[in-house]
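Each of the next two complexes has chain A plus one more chain, namely chain B in the first and chain C in the second.
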Partner chain A sequence: MRVPVIDRPRIATFLLFGLLALVPVYAGLFDQPFYLTLFARVMIFALAAVSLDLVLGFGGMVSFGHAAYLGVGAYAVGILAYHGVDSVLVRWSVAILASAAVALFIGSVSLRTSGMYFIMITLAFAQMLFYLAVSLKAYGGDDGLPIAQRGAIGPIDLNSSTQLYYLILVLLGLALALAHRIIGSRFGRALEGAKWNERRAVALGIAPYRYRLVAFVISGTICGLAGALLATLTSFVSPSYMAWTRSGEIIVMVVLGGMATLTGPIVGAIVLLVLEEILATITIHWMLILGPVLVLVVLFARRGLWGWIAGARHG
Partner chain B sequence: MDPLLLLVQALNGLQLGVMLFLLAAGLTLVFGIMNLVNLAHGSLYMIGAYFMAAFQGWTGSFLLALLLAVPATLVVGVLVEVIVLRRLYERDHLDQVLGTFGLILFFNELVRVIWGPAALFVSMPAALSGTVTLLPGAPYPVYRLLIIGVGLMVAAFLSWLVTRTRTGMLIRAGASNPTMVGALGVDIRLLFTLVFGLGAALAGLAGAMAAPLLSVESAMGDGVLILTFVVIVIGGIGSIRGAFAAAVIVGIVDTVGRAFLPILLREIFNRQVANAAGPALASMLIYLLMAAILAFRPRGLFGARG
Partner chain C sequence: MAEALLTVSGVIKRFGGIAASDGVDLSIARGECHAVIGPNGAGKTTLIAQVSGELRPDAGRIVFDGADVTHEPAPRRARSGLARSFQVTCLIPSFTAIENAALAIQARQGHSFRFWREARGDRSLNEPAMAALARVGLEGRANVPVGALAHGEQRALEIALALALEPRLLLLDEPMAGMGPSDAARMIALLDGLKGRVAMLLVEHDMDAVFRLADRISVLVYGKVIASGRPEDVRADAEVKRAYLGEAA
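Moving on to the complex of A and B:
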């Protein structure tokens, strides 16, 4: 499918990244470093949400355990830092490889099932890793593990919040571009085709299992990178990164922003996390408001925010 | 290995198992018949426990509180069904997961608003707080035996209800073809509400009975919900028999595994490795069991639907 260079979704995406790039300027101008950390966190979850959109939106696989890869990536960074590995590149590479390996294992078992079973088995695997992290007393167990040094990549000093912020922004942009390439490729078409009509895809000679497994591993890997970034940003890892409610939140971001739109989940992450911040300043019982809001979104706003911003279906 | 300790741990496992069955029965019926993934089922368990604490504080009687908590949870369940869940039956699983996830956030916060952030405690009556000697040297708490008894009775009742009564026939018919049942003049919406209410009452019963053993607090239903999912996935979604078998298996494997796996590992590896790996492996055991079962039987032990 040929997409014209100038169309509404594309302009909106560039506008979105432009605004995100201005956050450090705003934070510096008004001396509000809080916004820098908040939006760095938002972008990390946006990265996780984009990765989930690949399997959820395009592959039709409702993974209810994506927080597991976030946790694997984060723990890889935390454990390496604990053992004195200072190189950020080594930390992140191991995080990426570890989450890919975990996604390969979980995916190869889970994808044998479908529907309800798939939702629950991905959830159960994530819980398994959660309890594994809790029982790792050597690495802090329940209390988590602090990371002494954020480290540096060449000239980029990650201890500088601004430099880390822009690095995350660039990685988010790269991940989005990669996801677009994947979806536009023959592989992506086959993946989406198998979602819409599995029987027809099989008749055309496409083995859905393999396509889905590859997509699942790619998704888990990107999510693992998000976990490594999260551990770097917060200088801390804890089992709570893998809590099942976290997996639920990432799904909410994707659906809120718009499934199978790639940029939508970024909008979803921004809206959800900023909404949480705002509600939390109004009342400590903010979940009392957020819960019903989610129900209303499900009941009445199926297309997601991106459909409303960008007009047409994107991708 | 001490055989008496094994017996006690197996009974503890059975007690966890029947508790899980009370939750799994409702969840698996709701999925089998209405095709609804209800994450908020754990919230009904939590609400049952809170009602138990509130009514006990109010009436001062354990039995009276239990008798009030179960129908009160049923009413909450029916309200949730009529206001929200009814609209989700026709939606796909993703919408159901999200909608009921929203309900969990709501209920977890609602109990904090109503009963405060601190945990509540429920005391058990003096008559039930003692122990009985099952075998010489193996005392066992009466209350846990009572839970096992109630759980087995509920299982027998459900099996009678589903296979021997007209309501049960409609439930089974509704599970295989709701449209046809509706066309034959059965009020299918009422049937759905009844089934949901039954599931809510069972979840409330589980929560109310667990209340004296645990601290009653917000989000207490979340962990047990995941265990319940493991149970119904292993048992096969929609099957009450499967739910019962899997609940007992999961309860016993989890409890006995936690008690004996570290000891067993100490026989094989050195103490340090065993102490580190034992608890980790024990807490992962049931998930590994589930993965192994699904790898060979993707629809669970007794499952027919996907």
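Moving on to the complex of A and C:
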């Protein structure tokens, strides 16, 4: 028997999306288009953070190179646009496929290691892609590559900030729903079981490598979509999208919001980027303030901010 | 007699200077309960780890049901009918009892590349998982997180997970470790009920249990089988008495 449960995490998630949906209204009312761009960016990073949570929170894989997929997705869009491919669907599809392929390659190599080595090897791959982008002089090298046209998908005109904003919101919602589905499935159980007790999973006949690799590819693919959205939003791509500090930021979003909670990383992305924005206007030493705040949250909120919002027990 | 279900021959495993397995020969017939006894550090757990595939022997062969599995990875051996329990309880701590059992069921049913359907409400997982719990008397504790189970219940769940795999050979590493007398009696009755239906390699220090359950006993000392035979023969063996039973009794 299945009774639909309206529980606290679910209500909190719907409230969160409700608030995000109101941002364009607020921005319009108070004539602050800046908020539209800020929160579109926030949601794109939230998408990247949710994707990282799949491998970090549920798979126990500390990928320190997720910015690589952001970069691959963004560059796919940028390079196609540069060569005159105007179809957004083609641009984004290529971005998704390219990031899936890169994640498959990086994952299949990195997952042969674990612990500190895994962290270092994922970082190393991301750095290689960073320097590859710097060396692509034809596509702007260090300076990056502007994108002339955001384009359109059917009736949705991406040059309209509001329409782009809502498209990103819908994609974030879909990705979150998909991630929930995956985590609740047999696949999710095998992945989580192997994270908590690999020895036991192996003794039951579950070979962790293949489940981790598939999770890694799903995660890289979603993160690649985030990269495509980022390139579309900013009409620009540059190697800085793949900087290792970017990978670090995505990890901070997940840990701050709450690992293995899926919605938590969205909260983490909002809090980190909005605080960054506010503190940066007050002082250039904003990291000195943000650092201790992060330490306190990690120390006092066991499952991050989301554990505190939604009650510690549920995801 | 038909071909043995499991044949371990000349298995050697060294850890640095110690030979934890020093040329172990052992065979288990279909349906047989074969106890392996020996003092701490004799290499019993190491032997189970090599049969289950967690460790690779340095030399020797392991044949299960006619197939050489010496170099087969552990997950594949589990899927082909070799299930083990651990001496130190080894469960998935964040899962409930039934979630642990359901994971065993889904592993037995094949690969877990199913991404959409919710596992929690899946009857094809929950019903056999519940049946596995019921076999060890845990049906009333299905939704309790593993961390909140009593020690005896955790030990029972260890066995339930192995049984959920419907193995042809159960590798039991001290299933009664740390149990009180009443839990131990329940475990003996449970294993007694399995006798004849599934072959067992039973490592156990509780001599009452061993002499009650075993069809054959092998005595392992310093990685070598020093005696093997029917329980009454092993009991009478002078060398065994000196090496082991003397100090245990």
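To be clear about the criterion, the second predicted complex is superposed on the first by the 300 of 315 C-alpha atoms of A that agree within 3 Å, B and C clash if a C-alpha of one lies under 4 Å from a C-alpha of the other, contacts with A are read in each partner's own complex, and residues count from 1 in each chain.
The working rule: contacts are C-beta pairs under 8 Å (C-beta built on N, C-alpha and C of every residue); 3 or more make two chains touch, one makes a residue touch a chain.
What you see is a predicted model, and the numbers here were worked out from it, not measured in a lab.
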{"item": "Room on chain A for both chain B and chain C (clash or fit)", "value": "fit"}
{"item": "Contacts of A:128 with chain B and chain C, given as first, second, both or neither", "value": "first"}
{"item": "Chain B or chain C, by number of chain A residues touched", "value": "B"}
{"item": "Touching partner for A:30 - first (chain B), second (chain C), both, neither", "value": "neither"}
{"item": "Superposition-derived angle with apex at the Cα centre of chain A and sides reaching chain B and chain C, degrees in steps of 10", "value": "80"}
{"item": "Contacts of A:109 with chain B and chain C, given as first, second, both or neither", "value": "first"}
{"item": "Least C-alpha distance (whole Å) that remains between chain C and chain B when both complexes are overlaid", "value": "14"}
{"item": "For the chain A and chain C complex, residues of the former touching the latter", "value": "2, 181-182, 184-190, 192-193, 196-197, 199-207, 211, 214"}
{"item": "Sites on chain C touched by chain A in the complex", "value": "52, 54, 73-76, 78-79, 83-84, 86, 90-95, 99, 102-104, 106-108, 112-122, 125, 161, 165"}
{"item": "Chain A partner contacts - residues on chain B that touch it in the complex", "value": "31, 37, 84, 87-88, 91, 93-95, 97-99, 101-110, 112-113, 222, 226, 229-230, 232-233, 237, 276, 279-280, 283-284, 287-288, 290-291, 294-295, 298-300, 306"}
{"item": "Chain A - residues contacting chain B, complex", "value": "56, 62, 64, 109, 112-117, 119-121, 123-125, 127-128, 131-132, 134-138, 244-245, 248, 251-252, 255, 285-288, 290-295, 297-299, 302"}
